[in-house]
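For reference, the structure I am asking about is given below.
As written, the chains take the letters A, B, C and D, and residue 1 is the first residue of each chain.
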Amino acid sequence: MNSKVETRDLKKYFQTPTGTLHAVDGVSLKIGERQTLGVVGESGCGKSTLGRLIIKLLGNTDGSLFFDGKDITNIDKKELRELRWKMQMIFQDPYSSVNPRMTVSQIIAEPLKIQNKLTGSEREERVEELMKTVGLDSRYRMTYPHELDGGRRQRISIARALALNPSFIVCDEPVSALDVSIQAQILNLLKDLQDQFGMTFLFISHNLAVVKYISHSIMVMYLGVSVEQCQTEELFGNPLHPYTRALLSAVPVADIHHQKKEIAIKGELTSPINPPPGCRFAPRCPCSSERCFQETPKQKEVKKGHLVACHLYE
Amino acid sequence: MLKYVVKRILWILPVMIGASFLVFALLNASPGDPARIHTGSDATEADIEKFRQDHGLDKPFIVQYCDYIYKVFTKGDLGNSYRSNTPVAGRIAQTFPVTLKLTLFSMVIMLLTGIPLGILSALRQYSLLDGIVSFLGMIGVSMPNFWLALQLILIFSFHLGWLPASGSQDMRYFILPAVTAGIAGMATIMRTTRSAILEVYRQDYIKTAEAKGQKESVIIWRHMLKNASLPIITVISASFCGSLANSTVVETVFSMPGMCKLLVDSIVSLDNIVVMGAIMVLAVTCCIVNLVTDLVFAAIDPRIKSQFKRRQVKGS
Amino acid sequence: MGRNRKNSQLYEFWKRFRRNKLAIAGILFILLLIFVILFQGVIAREGINDQKYDDMLAAPSMKYLFGTDQYGRDIFSRMVYGTKYTISMGLIAASISAVIGIFLGSVTGYYGGKMDNFIMRAVDIFMTLPNILLALVMTASFGPGFFNTMIAVGIAGSPAMTRVTRAAVMGVRNQEFIEAAISNNASDMRIIWRYVLPNAIAPIIVQYTMFVAQAILIGSSLSFLGLGLQPPAPEWGSMLSAGKAYMRECWWLTAIPGVFIMLVVLAINMIGDGLRDALDPKQKR
Amino acid sequence: MQERERLLEIEDLKVEYITDSGVVHAVNGVSFGLDHGEIIGIVGETGAGKTTIALSIMRLLQTPPARMAGGSIRLGGTDILKESKKNMRQIRGKKVSMIFQDPMTALNPLETVGAQVEEVILIHEKLSRVDARKKAVEILEMVGIKGERFQDYPSQFSGGMKQRIVIAIALACRPELLIADEPTTALDVTIQNQVLALIRNLKNELNTSVILITHDLGIVAEMCEKVAVIYAGEIVEFGEIAQIYDHTLHPYTRGLFGSIPNINATADRLQPIPGSMHDPRIEKKGCVFADRCAIRQECCEKEKPELSAAGEGHYVRCFFAS
């Protein structure tokens, strides 16, 4: 399978007054054409930064990045312009992801306007078509976003991202600010769009159930590092990394017959600023040994297509 | 914490250098040659040249500035007045206490009236009292202080004869000027106190305190005022500097022999070296007030303290 | 339909603003003064320098609505002609501060980095001196006069404007729609102009309005100190200053210009308060 | 129903908010009860009126804009809507406590956490400062905060730790009823798990009754014995947890279950509820859920269904649910 997007040892460090923050610390991943890679992790694990690195909203500190097989780590401004028509992002907060001073049709038309390939009336037509695609009634064309609810705003955001027929979209927690009934509508919409237009998704979320529903394969992140990566069924059927296991056991399930496997992990996220060597998860891990605190585990393929970064599997 | 204090104190230095350079450059750029203005119309070229040499005006601008700063730091010498040829430092030493006394006095008035009125009107939001106090506050910030000064003189000195209209002999002479200089600051402090308390009132931790079953009076004193004090302190320090600046007008109207009157007189008589000295003293004073504010802030707010204490949150 | 909708945001704003009776009163008063400026020749009964030695220091009466001064000049007429100085002092000085402040503030707030650091340190330095002192020094440098005062007051107000703009811009800059615009290849100018400023404009408008009021106060203080517009121009501050020698006997010489300065400033402050409440519904209680 | 005195009995509670754009009927005739030691979940989406119910029980609603439009809340036999302010202060923190949604803002940033726990003890118990402090340390350790951190400020704690401190404050005086308003929404999954376990353990240890407000059906399944499903200010379904989860009746509740992806089953396709919640400013004649309902009939638009029994202790507000 061809990979649409690939990163190799991607890193992003931020300088803060108290030290270097390792937001993304050596992530390698591949996303196949027309596939969805789900990225799960808790707040502060670097998943949003990763998404922004991949569509080049942020520059990476180290490592390399490929899109359609082409190295895009260091490209010039002109190439970046061309590249940006092909990849888009859908954001988390439906309240801040659309400009409150523009009407719905202005927001959706904005990418078309900047690209400047269509005439005014063609643009109008395209906007109409996009609104239909995402399920927004055309009577909202001249409305301002603040008059609409979260679900409809998120549809605006999706329509804007679709405007230029991108082949790759990063979805950064697109449903986590929405109520469950609306959340399901948006998830179904994203699935349908993928079937219809054959797009590739990077789907970032903290919600395991949501990621399971929408992704073909999943990457679990902890403090800037990918700890486990594999196909969706494999991850839920056979989780290997202690963090993944703990995460899975912690999710409350809306089923009273569900038997909870209690794998409590102690403590809280340690600081990503100047992290000590060794496994990031070691201080909270129920199975950590001396070695985990000294040597950083490398991500290895322990089974076909199942990558884990843990000393337990060597 | 100590690191913060030291850092904050050291910050004064570049600010003062920058401010002094700015003012020095501005005054230097003013039209008119001080040597010609202050030597009189019948001065010879030789007189003018001598004046220039006496005051160091024959040197290039940047050298003049460095000389000035050098003398300030080594000898506390602020140069000699162009007009009277007396040392500027001496005249400022004479006049500054009057200005400081006036400002401190007006501070006391501001705080004693502004804060209680602000609290009162916040707690009785939308009441008649709140309406009246708010409107008076609005008038307070809108009143030209020179006009207020004249009206106060008219009423309390001329008509009632209770208080003197000019001079600075004893405390009684300071009452009207202090009220005048403080009125705008008082109104600002009052308005800020009111809105700060109303802001804190909406916070979740006030709900927490209510959910504990705490008495309203305790919630106000213990939880609300302390949190509201942060914006209020900022405004107090701004009001101090504002009242210092207002002294220019107030001392002129009340003919008080203070430094701000000296400043205004010197501007009118183009005695730029005195202007420079007086402005610098005012700038230093404001700088110190801002410093004290920041330190008080750090002492009250543990969030600032912990920024410098611990590198990261401890696990428990 | 497009027009209607565009106006609906303005209409929402107006609905909130309208409820503030004081602000409406303020606007009416300022409109009245603008009317006076436009028709000053018709409204004023006499010229600004018509001296009448028979009617020196006359008290207000039907003949001289606001009385006369020591030279027998009609104060009402002088007040009418002086209105333009006061209003333009406020508007022009505040506009100068807005042009400088909005430019510096949006550039520093949007780009951040070293330049931001440098400009903001410079602003800190400017802000150590209260703005009336800054204006005073600049007047000393530029020399007295109406235009110089206006420029001095405007520059003195620009650091505060820079800070307000910067804070507002930084608040908008972190919103996700800015990232969306970047990923759609919008140019920096387009982002600042179409995305950042429209969303940051509320506090800037409020600061502008409040500074109009302040500029009038500072300008008239400078005139009062003899550093602004020079007599015999009928500037309200200098009229008041000239009248103070007679204030014991002739209250109208100082009271009338003083009351009018206060009313103008009060009106503008009330408009500013109303704008703040109407532009920022979150702050409204 | 039972004859025995219940801990809490809410009868036909109605709360309105008076806003610029009209009267919002936030809570519209809600009734339910709670026994000693029971834990009940209130489930609903944003704007359903969950928090308003909680704040009404605490009598902490800002009036205005809120207005108690009717009904009663009986706590241990007395109607607390009729209590004086002074009596209410003795009830809050002592008999009823509350945990708020956002631990980041629920603590006073300028006071040490120890002092904030101590405060509630000093209000309700006649203890000396020293004893109160001793007790505060004990309670902090009970929720998993080391006693040596007594003098630390809230800014020095993480979100999960802060929520533990909030829980410590709420439980310091061993209240009979604890209201937890979305106590873990702001927290990460693993931390959520810790906090929920803490609430469950303390509830058993202190025999406190709990009202757990949440939008997460998973949390309810884990924590609660009874559930009230609330939509647009009305209870649409109420019952034992087994009844609600295994014999779901109301179309809204079914819609909720259809909307959440299940982590155990391989998902086919989610069955979301179409549309969004109707504008609460407009009073509806018929069923509040009618315009989103898949099984609606003509009468749903005209007549309001009553909450009626569909089984032992299982109530549903729908004409056609069976």
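Going forward, a contact is a pair of C-beta atoms (placed from the backbone, for glycine too) under 8 Å apart; a residue touches a chain by one contact, two chains touch by 3 or more.
Quick caveat: nothing in here was measured; it's all calculated off a predicted structure.
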Pair with more cross-chain C-beta pairs in contact, given B-C and A-C: B-C
Centroid comparison with chain A (C-alpha atoms), farthest chain: B
Gap in Å, rounded to a whole number, between the CA centres of chain C and chain B: 22
Centre distance in Å when chain A and chain C are each reduced to the mean of their C-alpha atoms: 49
Centre-to-centre distance between chain D and chain C (centres being mean Cα positions), rounded to whole Å: 52
Multi-chain contact residues (two or more partners), chain C: none
For chain A, residues that touch 2 or more chains besides their own: 268
Multi-partner residues of chain B (each touching 2 or more other chains): 313
Chain C-facing residues of chain A, complex: 52, 55, 57, 81, 84-85, 87-89, 91-93, 96-103, 110-111, 114-115, 142-144, 157, 160
Chain A residues within the chain D interface of the complex: 42-43, 149, 151-152, 179-185, 187-188, 191, 206, 208-210, 212-213, 233, 236, 246-256, 258, 260, 264-265, 268-269
List of chain C residues in touch with chain B within their complex: 22, 121-122, 124-126, 128-133, 136-143, 213, 217, 220-221, 224-227, 237, 240-241, 244, 247-248, 251, 254-255, 257-258, 261-262, 265-266, 269-270, 273, 285
In the complex with chain A, residue positions of chain C that touch it: 1-2, 5-6, 8-9, 175-177, 179-186, 190, 194-195, 198-199
Chain A-touching residues of chain D, taken from the complex the two chains share: 45-46, 158, 160-161, 188-194, 196-197, 215-222, 241-242, 245-246, 255-264, 266-267, 269-274, 276
